[in-house]
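After the structure tokens below, expect a handful of questions from me.
Each chain gets a letter, A, B, C and D, in the order it is written, and its residues are counted from 1.
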Amino acid sequence: MPGSSAAPARVNDFTIRFANVNGSGSASANSLILKAICRMGVPVVGKNFFPSNIQGLPAWYEIRVTRAGWRARGASVDLLVAMNAETYARDLADVAPGGWLVYDSSWPQELLHSRADVQALGVPLAELCTEHFEGGRTRTLMKNVMYAGVLAALVDLDPAVLRGLLDESFARQQRLRDTNVRALETGYQWARAHWSCPLPLRVERMEATRGQVLIDGNTAAALGCLYAGATVGAWYPITPSTSLMDAFRGFCAQYRVDPATGRHDYVILQAEDELAAIGIVIGAAWNGARAFTPTSGPGISLMQEFLGLAYYAEVPAVIFDVQRVGPSTGMPTRTQQCDLLACAWASHGDTRHVLLFPDSPAECFTMAVQAFDLAERLQTPVFVLSDLDIGMNDWLTPELTWDDGYRPDRGKLLSAEQVAALTTKFHRYLDPDGDGIPYRTLPGVSPKAAYFTRGSGHNRLGAYTEDSAEYQDVMDRLARKFRTAATLVPPALSDGQGASLGLVSFGSCDAPVREALAELRAGGLAIDYLRVRAFPFGTEVEEFLAAHAALFVVEQNRDAQLRSLLTLATAVDKRRLFSILHYDGLPMRARCIVDGVRAVLAEGVQA
Amino acid sequence: MPGSSAAPARVNDFTIRFANVNGSGSASANSLILKAICRMGVPVVGKNFFPSNIQGLPAWYEIRVTRAGWRARGASVDLLVAMNAETYARDLADVAPGGWLVYDSSWPQELLHSRADVQALGVPLAELCTEHFEGGRTRTLMKNVMYAGVLAALVDLDPAVLRGLLDESFARQQRLRDTNVRALETGYQWARAHWSCPLPLRVERMEATRGQVLIDGNTAAALGCLYAGATVGAWYPITPSTSLMDAFRGFCAQYRVDPATGRHDYVILQAEDELAAIGIVIGAAWNGARAFTPTSGPGISLMQEFLGLAYYAEVPAVIFDVQRVGPSTGMPTRTQQCDLLACAWASHGDTRHVLLFPDSPAECFTMAVQAFDLAERLQTPVFVLSDLDIGMNDWLTPELTWDDGYRPDRGKLLSAEQVAALTTKFHRYLDPDGDGIPYRTLPGVSPKAAYFTRGSGHNRLGAYTEDSAEYQDVMDRLARKFRTAATLVPPALSDGQGASLGLVSFGSCDAPVREALAELRAGGLAIDYLRVRAFPFGTEVEEFLAAHAALFVVEQNRDAQLRSLLTLATAVDKRRLFSILHYDGLPMRARCIVDGVRAVLAEGVQA
Amino acid sequence: MSFLPKPKVAHPGLPLNALGLNRRDYEGVMSTLCAGCGHDSVTAAIVQACFELELPPHNVVKFSGIGCSSKTTAYFVAGAHGFNAVHGRMPSIASGAHAANRHLHSIGVSGDGDSLSIGLGQLAHVIRRNPRMLYLIENNGVYGLTKGQFSASADVGTRSRRGDVNEQRPLDPVLLALALGAPFVARGFSGDREQLVPLLKAGLSSGGFALIDVLSPCVTFNDHEGSTKSYAYVREHREAPVALDYIAPRRAIEASYAAGEVLPVTLHDGSRVLLRKLEPDYDPTDRTRAAAFVQERALANEYVTGLIYMEPERRDFHTRHNTADAALNALPFARLCPGAGKLAEILREFR
Amino acid sequence: MSFLPKPKVAHPGLPLNALGLNRRDYEGVMSTLCAGCGHDSVTAAIVQACFELELPPHNVVKFSGIGCSSKTTAYFVAGAHGFNAVHGRMPSIASGAHAANRHLHSIGVSGDGDSLSIGLGQLAHVIRRNPRMLYLIENNGVYGLTKGQFSASADVGTRSRRGDVNEQRPLDPVLLALALGAPFVARGFSGDREQLVPLLKAGLSSGGFALIDVLSPCVTFNDHEGSTKSYAYVREHREAPVALDYIAPRRAIEASYAAGEVLPVTLHDGSRVLLRKLEPDYDPTDRTRAAAFVQERALANEYVTGLIYMEPERRDFHTRHNTADAALNALPFARLCPGAGKLAEILREFR
């Protein structure tokens, strides 16, 4: 019986996993629970593991309740809600010793195995649903809400919070609301009637989530595009980036439609493929609109030729690469950080690109805005490299803020007045300011502003050339511009100083890294941390690397891509860089880093 | 007057440049001269500089006569044949002090400038042509042959050799032959009648070209494809790779058509673009044909997605990247070595590719064959990275040889008998030999051999998977396979040992590097040389790098791409790697390297 | 999260074909598509057609791109090699494989997204190349696998599950194929196996590139009222100008027909199709009129199904390339390599 | 190796248009194409059309891919911004630019290689999007810039300079565009400026996507006897079912015509075209019959030229997207950014 477990009470510090079948409606039940815990003031982490199909395959969802406010995936599964008979055996095997498992006791008994160290709690969900609801579809859907009710009883969620959430969700669908509430109550009451609730794992109100929201990175990035003033979005659907454009469309429908005329202050184009999507973005940005495309690995591969054009012809473009597991089609619904090299050197010839590395939805928002500013300032493509974990999971995030004083940095874009004031003929690729950045103009603005854009050899005046010196002149300026980029991108952030050990990481690794560092430091290890936020690297990266005798580089790919960039683009001696690599497609846990660091140190690295 | 020049006689050691207009038929005259010198037993280097259009723009051709047998471009222009009035001024400016210039004295005088240190020789070519020939087209064409005659007199080419060449070229066109001979003679006689010939710059018979041929890299590569047994070629036309497929088609027409039936033992497909070209190659190679595609930078960019598929699904493919100046469309008729990174990491996700670096047409032939063997042995794409200089210029090359004992290495491809003998079910992605290379089968061979190829997540059995461990298992094996590749690729070659200075280079840099080394060594510098011939690097590269305190890395791109690969893939400390970069699109000269090395040494590098 | 192994139980009662195989021998791994997905019905029809044509499974090769539809190549003929390529680029893979071995039976399965958006160029050019290949577009008007965006074949006014309305005119793959000169163009419906199976068999036997646009509703994202690609709509709004019987080489023509109404056409492999005209005017060998008919019916929101166009005398890929009879991938090396002697001869030109 | 600067001498005698510009003001840098190249004639026709339409040069934008044809955007309207993109992908660049500013006059120039091989997908989809744009295919049946390979529009039997014979059937961009639903489809000939200039003007004024396939012989690689894209062949084998007069908005209709023979159509910008029918049956507003006519004539090896199809009432890109009247690239930031207050509101949903 719950409550009778020998395990010590674990308040606000445990992980629940839901084992579902995709397409069965479990997502809303799981998110209901996540939100409820959050509203009770307790920090949560939600991670969704779903298959690359539409219906009928196993899917999992994990909720970590984390008093300490960690943002990484939980270390173990303490409570498992087994809703998929097919995966029952391996689900059971995954529960931590001393944990609990809730299953549907309507299932045939022969399905069930048991573990001595896991307490299994059967609840006849199917039967209850048949009893309480009519129709197959409703019964299937309500089973999910019902297990939410069961769970509420088991971990002591406030039923009023849950009901409040249902009220909001179904504000305009009273009948549906009632059905949902009934399912919730049924589960809740059944659990309390049959077991002594709550379990030692339970949620207790805190005040730790005030001013925070639960938002995914793609939605946050879309908000960033909206706020940055992007007017043209082009894309080709691809998991896990699709929801970024969906969100942008939603926001535009609300905030970019003239209420009087219904006319749109934006254009969203579903292109025929990624080559066309980036072409549209380049064309629009060349013509002065802020334009972007969200994509993932295969799209990056297809965009290479155009990305080289944009680099060489110096056209702004913003690309969101929501990374998934590669190579090739790989595992489209799993997460990885594996496109750094493909983006940094996208295209043939001598090319270099600017990359931004958000660590969370919050930075997806801010970096989206920065990406547009940088793309226009530098007149070059800028990549925002997020990943499936950031992009598609809801993260507890300090409420996004906006400075109404913000004005877009259009860079060296000459206005009609500026062109009119020119006393000499306008030339496109001069470098009057010595920072490698030329001036540009838009079509239609002035009879004096025309220039010709081409990916073929051109000189500083913008004229076609096959002359060696003229060609090289432009290439050298582009190299200079890239050095300027290093001074403009968001700087790396560091935590700690003076230790001889350092850890360098980026993006979604930040969450597990911080948790790992806490554990390592608690164990007495002095170690500093640098979170890289962009490529090319600023001097602060150089300095951090120089200041540490040994450095761990933590990243989510097989080939140590961040370490490669550090090795090539800084003065660091690569022998001082120790890789900790995680590339199985699931979000990283802190354990992997703690173990990784300790393993290297055990080999006698000089600290 | 020629002959009266104060310059010392320079026998078999000078450079002639022809300044032409493209599309005017000068190519055959220039090649006539190149071949004639070669037949006189004197080593030559021919370099063609042509514009990216079809007709009417300036084009240049250089012939270096090099007693010593150097293979690089000449250091200066000693004799200029100015056939393009439009570029006359800059052509004149390019002549080395003490040099000569031949021009058409039919031109209006006001066109001509002069230099005190250059002797200008006017010959009334246009007038002579009008006098001797009928019809505009013939007159234009014969002007070229006529200047060849003039040149023959000036530098003392054997008229019999020239006539012999014309006899061969026009063996079946007697009238045309006669016209050409007449033009040649006219020029020759005119020169001898008006000047005291030859100049101090002259050609004297040697025996240094016996057993050598003049062949370009694309033709040699096509021969390699023919001899390796390639049966499927797919491509999309792109300069400077087009002539590779043209040559292959020509060879196939001769050696792969059944004389009885006219049926073809090959298929050549002009695809609709490069994405399709590589797709066809992958499909054909997957189905057991040796298949290849020639392309250049933009094609490499477009092939990225498919290249990732071939890496991950483990399908052989041979890609010839005849590099030209990037990024983007760049300068299509200029040479560079700028696609190393784009090829080595082609595609998103964790990918790695095998690259071969021919230094000359001779290696285009041998490496083409090796590429097919490696692609099948390793079941992965193999890139042959040549460049425009190698691919499109005629190089003096020791006669290619063939070992009739050669048998294609089909790698771990199970025959019908081997499949029949299997006692267990066939699985595609096992690693029974521990070298990371699995076994494969072909469709249609046996009812027991079927497997499913996919770019999405798969396990070692070949089944679809989204399981972390199964995915990682395959990725780790692929990494193992890449380590095996390092043991199979052609090893780097070294020259010299024991010096503390080393120079590392590859591909078409070899020619100027060897000449530069001779000069540096003659000046007393001890320096060793390593020519890298493939990526991944074998242990010999590691050893060479380790054995030298300072290393010059010579390459033809802006971003030090070879140095990047060395930095990442070996243990070398990058501070010991000094870049000498040349990226103006023209073939490198030895001077650039000599100066580069001396400049670094002058800065006090530890030798 | 891997597939459930599908139990392969011997069914002693099932009828066998001439190879001694039963229908189930032409199945593949278990489908992971949504219950009711049209694509599963097409898979079943392919199984049936291959079984009836008595194709040796290992002489079949299966190609696809990416999408729900493209997944289905794993669900039929387990004994065949399959290649699930990248999105929209399967035609080039199939072309290359066909170049390497002309003797295999190629079946390509694609979706409307895969073939009409990202893959339109490759589709157009494989049609021009005319390899012997059955090419299916499982056309549902949406991107199923990426959850319901409009595809290029979505009709004007179609409403997505999210509520957006499509305003772009649809591309009709049949009209496109006709304009591109395809030699065999048909349309089927996943819900009508009786019409589809003979079409598949005719396509597989046509000796060239056979394109079949199969309306195959997506029950999850595009089967609601108002969708012209829904089961209900297609069932009601299709028209077949000719009906088709497929006759295997060794069987006598059994169907009795009145001259003038039925057009028997002999296919590449000796099999025949009998075209029974339902519309008296319709001539499936007149490309111009076929296109006009399809276009006219489209204006009336009707889908023309059946065998729409067929050009009996068209040179296929290998005929045009004059390729050897033997598969290129099986030619002995000695036949391919001219040898050392010839090399010296070749090099004489380069002196 | 750079261009010779083209002397821009003032020609006081040249006629001026309403903007006070003369024809030469619509020229660009000097052409580097082969002497006699058809593309140069097309360039001259574009210059003429822009001059006559009185387009302010800086309101014109020029787009192209890669090829001899694609180079020509540098040779006209020097006062316009130009974008010479990558091979075959200009349509997406032009679409994006048009999205950003709907008020510019877009002229795209492409080749048959650029548009029908590598760019076929992009061409098809820009047709579907229907931006206001004049799109020319300078069609010579070869890849000029890469020295004479067959393009997808090369006719069967065409012999290349190297002696190969093309055996693939040609793609006809006109038929393709009709099948893809293009709203304005025409064909011209570089050697007939009288027909071409009004077509260009009508295309530029059509209010949507106007595709003109211009037969433009390549004198270097495809102008020999036996080439169906040679000057001689095209001159002899073309047929124009309708003749076209273009009438600027402010001019009265001058041509006198008999009712029933002439169809006046008002274009987007108020200009009109008068279609004089030469073939009594021909109806340039009936897509199905236009396609049938083109296909029939093609079977007789004839090129139909002139205005082949025109759909007057088709919603263009921005109408369908319901875009604001102002150019998106000129909207004030305050109108685009909802501001801090709204952000708090938006975030309420995420608690």
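Operating definition for what follows: a contact is a pair of C-beta atoms (placed from the backbone, for glycine too) under 8 Å apart; a residue touches a chain by one contact, two chains touch by 3 or more.
The model shown is predicted, which means the values in this text are computed figures rather than measured ones.
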Problem set entry | Between B-D and A-D, the pair with more C-beta contacts | A-D
For this session: Give the label of the chain whose average Cα location is farthest from that of chain C.
Result: B
Seminar exercise, completed: Distance in whole angstrom between the CA centres of chain C and chain D is 35
Problem set entry | Rounded Å distance, chain A centre to chain D centre (Cα mean) | 43
Problem set entry | Distance from chain D to chain B - Cα centre to Cα centre, in angstrom | 39
For this session: Two or more other chains in contact with one residue: find those residues in chain D.
Result: 1, 66, 86, 117-118, 120-121, 124-125, 129, 152
Seminar exercise, completed: By the touch definition above, chain A meets two or more other chains at residues 51-52, 272-273, 298, 305, 309, 328-329, 454-456, 466
Exercise. In the complex formed with chain D, which residues of chain A make contact?
Worked result: 35, 38-39, 213-215, 219, 223, 226-229, 231-232, 234, 251, 255-256, 258, 262-269, 271-273, 275-289, 291, 305-306, 309, 399-404, 406-408, 441-447, 449-456, 459, 463-467, 470
Seminar exercise, completed: In the complex, chain B touches chain A at residues 51-52, 297-298, 300-302, 304-305, 308-309, 311-313, 325-334, 336, 338-339, 341-342, 345, 347-352, 454-457, 466, 468-469, 471-472, 475-476, 479, 557-559, 561, 564, 567-568, 571, 573-575, 583-586
Exercise. Of all residues in chain C, which touch chain B in the complex?
Worked result: 1-3, 29, 56-59, 61, 66, 73-74, 78-86, 89, 91-101, 103-104, 121-122, 124-125, 129, 318, 321-325, 327-331, 333, 335-340, 342-344, 346-347, 350-351
For this session: Write out the stretch or stretches of chain C touching chain A in their complex.
Result: 1, 4, 32-35, 66, 68, 71, 86-88, 117-118, 120, 143-147, 149-150, 152, 162, 164, 220
Exercise. Of all residues in chain A, which touch chain C in the complex?
Worked result: 23, 51-58, 86, 236-239, 242, 246, 249, 270, 272-274, 298, 328-329
